[in-house]
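Each of the two complexes below includes chain A, the first together with chain B, the second together with chain C.
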Partner chain A sequence: MTDPILEVEDLATRFYTDEGVVEAVDGVSFDLYEGETVGIVGESGSGKSVTAMSIMGLIDSPGRVEEGTIRYRGEDLLERSESGIREIRGGEISMIFQDPMTSLNPVYTVGEQISRVIRQHRDVSQSEARARAVELMGDVGIPEAESRVDNYPHQFSGGMRQRALIAMAISCEPEILIADEPTTALDVTIEAQIFDVLEELQETYGMSVILITHDLGVVAGTAERVNVMYAGRIVERADVDALFENPRHPYTRGLMRSIPRLHGSADRLEPIAGSVPNPAALPSGCSFHPRCPHATELCRGYDPELREVEPGREAACVHARGYGGPDERATGSGEPVAADGGDDDE
Partner chain B sequence: MSNGGDPLVSVRGLKKHFVQNDGFIDRLLGADETVRAVDGVDFDIHEGETLGLVGESGSGKSTAARALLHLDTPTAGTVTYDGRGLTAMSDSELTEMRKRMQMVFQDPASSLNRRKTVAGILKQPMRIHGLYAGERDERVDELMELVGLSPQHSNRYPHEFSGGQRQRVGIARALAVEPDFLVCDEPVSALDVSIQAQILNLLEDLQDEFDLTMLFIAHDLSVIRHICDRVAVMYLGEIVEVAGTETLFEHPQHPYTRSLLRAIPEPDPDLARDRRALSGQVPSPIDPPSGCSFHTRCPEATEECAATDPPLDAVEGATPGHEAACIYAEEFESGGGVAGEADAEDRYSPENFASAESADATGD
Partner chain C sequence: MATDTDTTGTEADPSYESGEPPGTHRSQLEMFWREFRRNPLSLAGGVIIASLVLVAVFAPWLAPFDPTTQFNAPEGEHNPLAPGSTVIEENDNGEVIARHEALLGTDKFGRDVLSRLIFGLRTLLTVSLSVVLFSMAIGVTAGAVAGYHGDTWIDEGIMRFMDVLFSFPSLVLAIAALGVLGVGSTEYAGFVLPNLVKIIVVIGIVYIPSFARVMRGAVLKEMEEDYVDAAQSLGASDAHILVRDVSVNTVPTVVVQGTLYMGTAVLASAALSFLGLGIQPPRASLGLMLSNARSFLYSGEWWYSVFPGVVIVLAILGFNLLGDGLRDALDPRYDSEVSE
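Right after this comes the complex of A and B.
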């Protein structure tokens, strides 16, 4: 395989809040290759969106990207100045957000907003930009784009707004598109339409896509490789088929078991005990140990790194098959520790 | 699911229309627009049963529930609860009835009063209905334990709890006055994936323990499948299909239900890649399409569908109680639903964690 188009290495993004330092992203590394879709799955507070915002250079005070590198075509984006980042952001690397209402400006027409992005990155006239906007709106499946280009966002339905945002995001033919929960606010039938559009565009433009979502169904159908995040870390990474066939990390396994399904048994669900930890006060050792059915004394004190457990797949759990146990630094007995009961008290 | 006998809740011809106008000039010119949020629905809920109401946003499912409870006065139709008509009741009679009918809301953060402690929140319905005078503190402790919270935490405020815990408080509040009917409006859709199952299991346990009858509203068909005995599918203010849960998922007969099932991304790569989009959008409830309101998006629609508005009727040859509002309902081959048999979900079980070779071998 050729070199990755994007290499994120040991990324650490911290927020300095009144309640203390929040390590929102704590040592995250992953690669993105040309034309592929990589999924980042996690629940609230897992750091998946902060990872995306860090790549886009959109972390504001009290947050700071403090460690690591984000190499785009070999160049570290973190070395760039704010104006240097702006050249790339929205152009070569582009992003769509969850809420299409708040991401569009209500006082400008949809066409004006798309044109503005085009003119920011391309030297074209007003009318050329407008013509391109109409073309793009057609590409993303907005009917009667000719007339709807002059509509305001409130005249669009939720699904149409998300299409308009996608049109804006792809207006400069980005190399990388980061989609952060792009369909979470939409109905399932509209969601399926949006993913059809994204897939088509990806083929047309050869984009690489980072898909961020909490929805395992969405990654299953869209991504080729998947990163599972928990409490600021990637805890498991695998090809999508391998991940769903046989997840190695207890958190991934717990998620798979807890989600209600359409197919298969409709028996009682098996929830993960406890609740998602407060990112300002993470548990010691492995962050998942208080909720983990396999946790031992070792897990309380030892923080496992992401390690290859089989060619092409990685997990961060000392008990995962193929992990090979803790390294020399580790101590602890290996006595089993009961996971918390069904009560989700802190 | 209990059968026979009169239903606990019986809804007939329920309509809720909202008049929308953009102000004085519109009213002057008579430019009112009527939003037909709920446009004539009939259903029964039997004692001890959970009826699911599923639909996309704008289908009218929440409005139907509010109209059922008379939180909003219905535009037309009747609601009978335990043999008594709600529609003709006075306000004080309705208040008395509401002791028996409680609601759990979607967003526990905004449906709990931020300025009150959890104990205060739980005591409020008892005070309104004049129950448990002198023993409300004990009742609060009992409720906290019932929903899996520690009674010592009842003097805390909602923001001190996690999202899942807040929803537990919302459920405890609904149970405070010992209702026999619970309306749950998207009770898990604001929660993290790993917490949803906890709340769904809690609702099931409580239903068993207190013999609750439930109306469960959700947009997520997978959630509905796990908790409901029967399901009613809504589209544009009308019920288009109703059936027992297993029947509906395995043999959906309305094209909308079939399309919905195919649009859902299942957490399984093979199935999820096979997902198919339903074209178009939900039409405006201000000006619904002629004939069958789904015909504008229906892959099976013919000219006749634009002219005929099909009633919700029993599907001939199907399981009793299976009704669909489609003139072609009988003609679709049965099937087209989901596979009901258990599969290799065991592969995710804790027992197969360390020695997952066996699960690998049985992979599909």
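Right after this comes the complex of A and C.
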């Protein structure tokens, strides 16, 4: 296999707040290969967006990227200066955001905003940029782009605004597109359209996509590989089919059980008990153990790292099949349980 | 080419996906005007200010006489003369050149009240506008810098200094400063500080913090907007975003604040003139007219004090009504569009 286009290694982003140090991202590693779509899934507060913002170099004080490397085509982006990273943003790596209603500046026309991004990265004239903006708006499926280019954002519906934002993000043909919950604020019917547009563009431009979402359904339809995040860490990583067929981490299983299924039993949905822990005061041991149905004494004291559980997939749970026992760092008193704790799937 | 087939102009329906008619183009200005004209008081404020400004701009053509010309009273009468009286213009040798009618009477020096009102208004508006522009320029810049560096020592430093300025009672500071510097033009080693500039600075300096606070708040709020993140993620630099995105979105707030402060500045500069520390005679000044008219209050020469008083009241009222109207028309729509 060729080298990955983006390698994130041991990324740690911390926020220094009045309540203490928040490890929003704690040792996250993943690779992104050319042309593929990688999903990052997790609840609100699991660190998905902070991971994305860290890659973009947009972590504001009181937050800091403190450890790890983010290598884009072999070069560590964290080594770059502010003006150096600005060339990357929009030009090489672009991002689209959750809320299209507020991500456009209300006082400029959509066309002006797209042209501006183009002119930031390319040396073209005003009229060339405008022509390119019209072209891009057509590419992302905005009808009558020629006339709508002079509209203001408030004259666009939510779906159209998200398309406009996508047009802005891809205007300089970036290598990587980070989509941070791109359809969360939109209707379900429009969600499908947006993903169609993204998929089409990905083929046309050969982009790699990092798709951040809390919605496993979205990931199932679009991503090839999935990283499940919980409390700032990746707790499970697998190919999308393998993950859905047989989730290894209890958290992934919980997520799956909490979404409705078209087929299968019409049981009640089972939400994951409890809520995401306060990131400034994570529980000891495995940070999922207070909510985990399989937690044992061991989990209270032992913090499992992400480990390969079968070729091509990793999980961070001592109870996951194939995980093996805790290593010598184990401090828990319970006996290692290497057996599969998830026999109750469905 | 507006085809008003669907939207009410303010809300774009997010669920309304593809079928939007492409011509529903309504500019920000039109929407502002729709909102503004809804309130008769705002309209009244607008009309008052527009008329006063027109009068001030065209003062030399509108005023019947030069505001400093002194007329004589006819035989058996004495200045100040009542409205509609006949006044006598003499040349240097004491010969009668012409007789005129003083529409609004004369003051105690025989000067035409109407002409002095018109020129006094011109001075008053010029000074007030300069005061507001002066404090706005400094305040907005300081506030933008502070807001941009939100919660750092730069922000703290600027805003605490603003607090110190803000703690001065405005007129007291102006009186003290003019008392020290003197009311005339000051000259330091060949560098002349005109008295008008002094007045503008001493009045304006205490308004700076208000503009700084408003601007800082607006910038802080704008910096939190998603479009700032979006612009950053597409490679725009912070300075670029501050100038091109953030500041443009704070214009309504600053304009409203500026209009409201025009009223305050009118009052302050009139008050300073009233105390004899502002515009110096023989230049026409409404505050000074009031001050001179004080001694005639009980002797029946009502026109001397009432007309300048009415003009000052009109100006202040007009600016406040206009400012409120602008705020209602600019801010709520602005807010409702930004949140949700």
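For this structure, a couple of remarks:
As a convention for this text, the second predicted complex is superposed on the first by the 334 of 346 C-alpha atoms of A that agree within 3 Å, B and C clash if a C-alpha of one lies under 4 Å from a C-alpha of the other, contacts with A are read in each partner's own complex, and residues count from 1 in each chain.
To be clear about the criterion, a residue touches a chain if its C-beta (ideal position, glycine included) is under 8 Å from a C-beta of that chain, and two chains touch if they have at least 3 such contacts.
Remember, predicted model here, so these are calculated numbers, not experimental data.
Using the contact criterion defined above for the overlaid structures, shared-chain residue A:M56 touches chain C, although it does not reach chain B.
Touch criterion met: A:G159 reaches chain B and chain C at once.
Contacts of A:E173 after superposition on the shared chain: neither chain B nor chain C is touched.
In the overlay built on the shared chain, the residue A:R253 is in contact with chain B alone; chain C does not reach it. When the two complexes are overlaid on their common chain A, residue A:E9 makes contact with neither chain B nor chain C.
Contact with chain B, but none with chain C, is seen for A:H294 once the two complexes are overlaid on the shared chain. Of the two partner chains, neither chain B nor chain C is touched by A:E67. In the superposed model, A:I190 makes contact with both chain B and chain C. Once the two complexes are laid over each other on the shared chain, residue contacts for A:E112 go to neither chain B nor chain C. Chain A residues 157-160, 187, 189-190, 193 lie at the interface with chain B in one structure and with chain C in the other.
Interface residues of chain B, counted against chain A in their complex, comprise 56-57, 148-150, 153, 162-165, 192-198, 200-201, 204, 219-223, 225-226, 245-246, 249, 259-261, 263-269, 271-273, 275-279, 281-282, 338-343, 345, 347-350, 353-356, 359-360, 363.
Note for the complex: chain C touches chain A at residues 7, 10, 12-18, 20, 22-26, 28, 225-227, 229-237, 244-245, 248-249, 337-338, 340.
By the touch criterion given at the top, residues 43-44, 157-160, 187-193, 195-196, 214-218, 220-222, 240-241, 244-248, 250, 253-272, 275-276, 293-294, 319, 321, 342-346 of chain A touch chain B in their complex.
Chain A makes touch with chain C in their complex at residues 56, 58, 83, 86-91, 94-99, 101-108, 116-117, 120-121, 143-144, 147-148, 150-152, 154-160, 165, 168-169, 185-187, 189-190, 193.
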